[in-house]
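Structures are listed in the sections that come next.
Shared chain: chain A. Partners: chain B in the first complex, chain C in the second.
== the complex of A and B ==
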């Protein structure tokens, strides 16, 4: 069963992506725009129920894109932690306002309606943004991300540095894993360590990891030189990978729809105050 | 044949070291030759090939005396782009040389740097993928491949630039036997079909000697020996003292020489060694 899932999904430096997906027929720029817009729209909506519906829509996009929903399990701790911290902050540090109404008590502390509402609004926005980010990295290889940025005329050097940074993040984690395995092979039992000892141990990792990072940067510098790359000559050059991607009519239509949707939401929000918290069903319930 | 690489009295010392890594080295390499470079650890092999590639003095800090000339031009006057057109370089650690997110991008990167257009890059990627057997891996990340496949990608990315000289610095040192075989097979194919000048630093003398037109022994920063394999292996004892393992056929012929049974030329060919052994046996039978 797991083997079957592995065949459907493949690993990138940042996430697991489906081997085949209808989304791949779209140009990387369209996919980047989808990410930006799905990430931005909730920022203009102060109705939690709408934002939660938006999150459900992103989940439907996961299914449409053939992303195995089981691969989202690894993000659950982040999603839950974000929720806990948001609600705890608004519950225990509600601020002062004469219009606040007490709706209950927790550990002897009063629970106010407006801070709870604010927590719901903030978390619904965070959740929608988190899901759209996860969706983007679960449907785009690093190469697609760079292709989108280069199509949008990001300078080659900047996009290349971004690519190398993505790569180095993955290698840093690999190095950390290697160092930890070497310690375990020499009999170190993490489970038996006290918390303070674990903290000391992590600070000790800095030295080998830093020296490995320096060595790798030296190697990459040599590799770039050997392949004829220098900052002086990086101006005009062919970008072979971009020839692999083409804008289709579907790309144009989807980009127009996405941008139009964003503008409509902004227009109705600021012109007619749609999507404000006082239109929210949750607000009515809390009152 | 034309001399394409000339090293004249080259001395190089890295900063913060007591003695030079290369000392008063002079060497001439002709076109379309397969040159094997061997020597004990820390003898200066990698430094020698780094000087030919121009990594030294361009990318390292130290004291540089003498000159290296590539196709008649002083290496100090050539920039990274010009050097890449003349000389390709494959490192021992394949992962250390990857700079891109997919095999195809990795192959294209060097060609983009030397100013090729997209159509030519596409043609060359197909050509080099065919030679190195990478057709089915083009879409993959280079980090997800096996050791042998990674090194094939590294070689292909250099080969695609079609330099006139290719340097391979211990390309099989991090590979299993199957990976080593695949790299030596590609090198043999490059030698047979592409007529390039190939310089290969390698510890596996057996395979290296069979491919090489000439062998260089580097010892304590100097060229201790530079000759065709037959002459290179005339003094096997010295090689063994340096911790090198000459090919089994050479050791066998050397033993025969020491026993006074053979005084002909040394050969790395197993078939020829069998013929020599058979003729010695036949002679012995005839004497009896």
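== the complex of A and C ==
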């Protein structure tokens, strides 16, 4: 317990994870590549069981990286609602095909084998992609993303815009918090508000928040001008962030494996029709 | 008088030279941040997977393109990439496929306001009509058509549900888009049109 309390934690974009997470032995470029590749792989797989296995693999990565699985709680409504919506669209709008076979009934509607299979494929893809996306933002900070992009020689302006965008999302939320505290200090009782008033109030928050952003844009651009940055020529400068990361042999191996994995999946899918629905165990069970 | 004021918002003053400045880039970055928060909130508030049915982020796209021209257009492409990834509402591949639709969804209003010389402060009936038609109805229809096509391409929705999803997407997004967009234009435009970041042309 004492050890857990003393554990140094680091705030990522979506979660808190220990500084000594094994994932941090990898360079941010390797982590970014993992995000990109895992964002594509499930799209080439039409076997739900494989995509569900992929989702489990991502969950294991969460555990390996020491991310508390409780941080996934806020995504539970997304996971459930996306599933319900996907299945309902395929149940209510199955389309017409003489080869469809009725496998049951729900709400008085016939359930056909192929639309249910397609719903399982779509949902398994959504789940796998959703988890891999959450994994990246749960394990990486804005600084890691910048380090990855600058290592890949992204132009300064583009990486600066991206970094400032991510930071400004945080500033926007901090400003919102300040505005709400000011309202409470003046005696506004949120609990007593009607739903329509709450909606109106939330829409109106955008006015001071955008005004603050406008003022901030002047301050930041003046600061950049004073430091000698311009749109076209920022000059060659030492990049402090990059000195903090080193590309190791493990990074080379993991990047090669990831790229190879994606190419093999694409090759076998289009050359030998692997990963198609007709190879799926679920398809066999539904028939 | 009203017509004169409308035209003046977009027309250059005598000797006025407008070029893209660092200020435009910074404002775009900050605007992307605003879009990320609003877009993520929308995706998490009504979570339907890759389908969008109540996304206030669209208002940010339209209004951004009216105020900041192409900078708003770039923001319209970039912030959904980030907010979709954070909210888990679309993978990077699907988000990239959405990008042209997101750009059109934003720039439509920016183009219409410049073409019809409307006032971003919504001072006349014409301004309201152009905002409603181009900044809400048409752009959401285009965005929904593009989005539904992408989802069909990736096999995420059933072929026979395409029309229903299209209407759900386009009408569902139009509601928050109209409310938030009107509030932003009516109350924030007076500040923006006086600022250095406001773009009379597409880039400056």
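Heads up, the rule we're going with is that the second predicted complex is superposed on the first by the 245 of 287 C-alpha atoms of A that agree within 3 Å, B and C clash if a C-alpha of one lies under 4 Å from a C-alpha of the other, contacts with A are read in each partner's own complex, and residues count from 1 in each chain.
Keep this in mind: a contact is a pair of C-beta atoms (placed from the backbone, for glycine too) under 8 Å apart; a residue touches a chain by one contact, two chains touch by 3 or more.
Not measured: the values here are computed from a predicted model.
Visitor: Contact-wise, after the overlay, does A:227 reach chain B, chain C, both or neither (first, second, both, neither)?
Guide: Only chain B; A:227 stays clear of chain C.
Visitor: Given the touch rule stated above, what does A:243 touch, chain B (first), chain C (second), both, or neither?
Guide: The first partner, chain B, only.
Visitor: With both complexes overlaid on chain A, does A:167 touch chain B (first), chain C (second), both or neither?
Guide: It touches chain B and chain C both.
Visitor: Please indicate which partner A:141 is in contact with in the superposed arrangement: first for chain B, second for chain C, both, or neither.
Guide: The first partner, chain B, only.
Visitor: Please name the chain, chain B or chain C, that touches the greater number of residues in chain A.
Guide: C
Visitor: Looking at A:157, would you say it contacts chain B, chain C, both, or neither? Reply first, second, both or neither.
Guide: Second partner only, chain C.
Visitor: Which holds for A:216: it touches chain B only (first), chain C only (second), both, or neither?
Guide: Both partners.
Visitor: Would you check which partner chain A:101 touches, where first means chain B only, second means chain C only, and both and neither mean what they say?
Guide: So A:101 meets neither chain B nor chain C here.
Visitor: Please identify the positions on chain A that touch both chain B and chain C, taking each partner from its own complex.
Guide: On chain A, the overlap between the chain B and chain C contacts is residues 13, 160, 164, 166-167, 170, 216, 220-221, 224-225, 229-230.
Visitor: In the complex of these two chains, what residues of chain A are touching chain B?
Guide: Of all residues in chain A, those touching chain B are 11-13, 141-143, 146, 160, 163-164, 166-167, 170, 216, 219-230, 232-233, 237-241, 243.
Visitor: Show which residues of chain A lie in contact with chain C when the two form their complex.
Guide: Per the stated touch rule, the residues are 13-14, 35-36, 39-40, 42-43, 46, 74-75, 77-78, 81-83, 85-86, 89-90, 92-96, 115, 118-119, 121-123, 125-126, 129-134, 136-137, 157, 160-162, 164-173, 203-204, 206-207, 209-211, 213-214, 216-218, 220-221, 224-225, 229-231.
Visitor: Considering the complex alone, what residue numbers of chain C touch chain A?
Guide: Touch residues, chain C against chain A: 20-23, 25-34, 36-38, 43-44, 46-51, 78-79, 82, 84-94, 154-161, 164-165, 179-180, 183-184, 187-188, 191-192, 195-197.
Visitor: Across the complex, what residues on chain B touch chain A?
Guide: 53, 55, 58-59, 79-81, 83-85, 88-89, 91, 93, 96-102, 104-105, 108-118, 121-122, 141, 143-144, 157-158, 161
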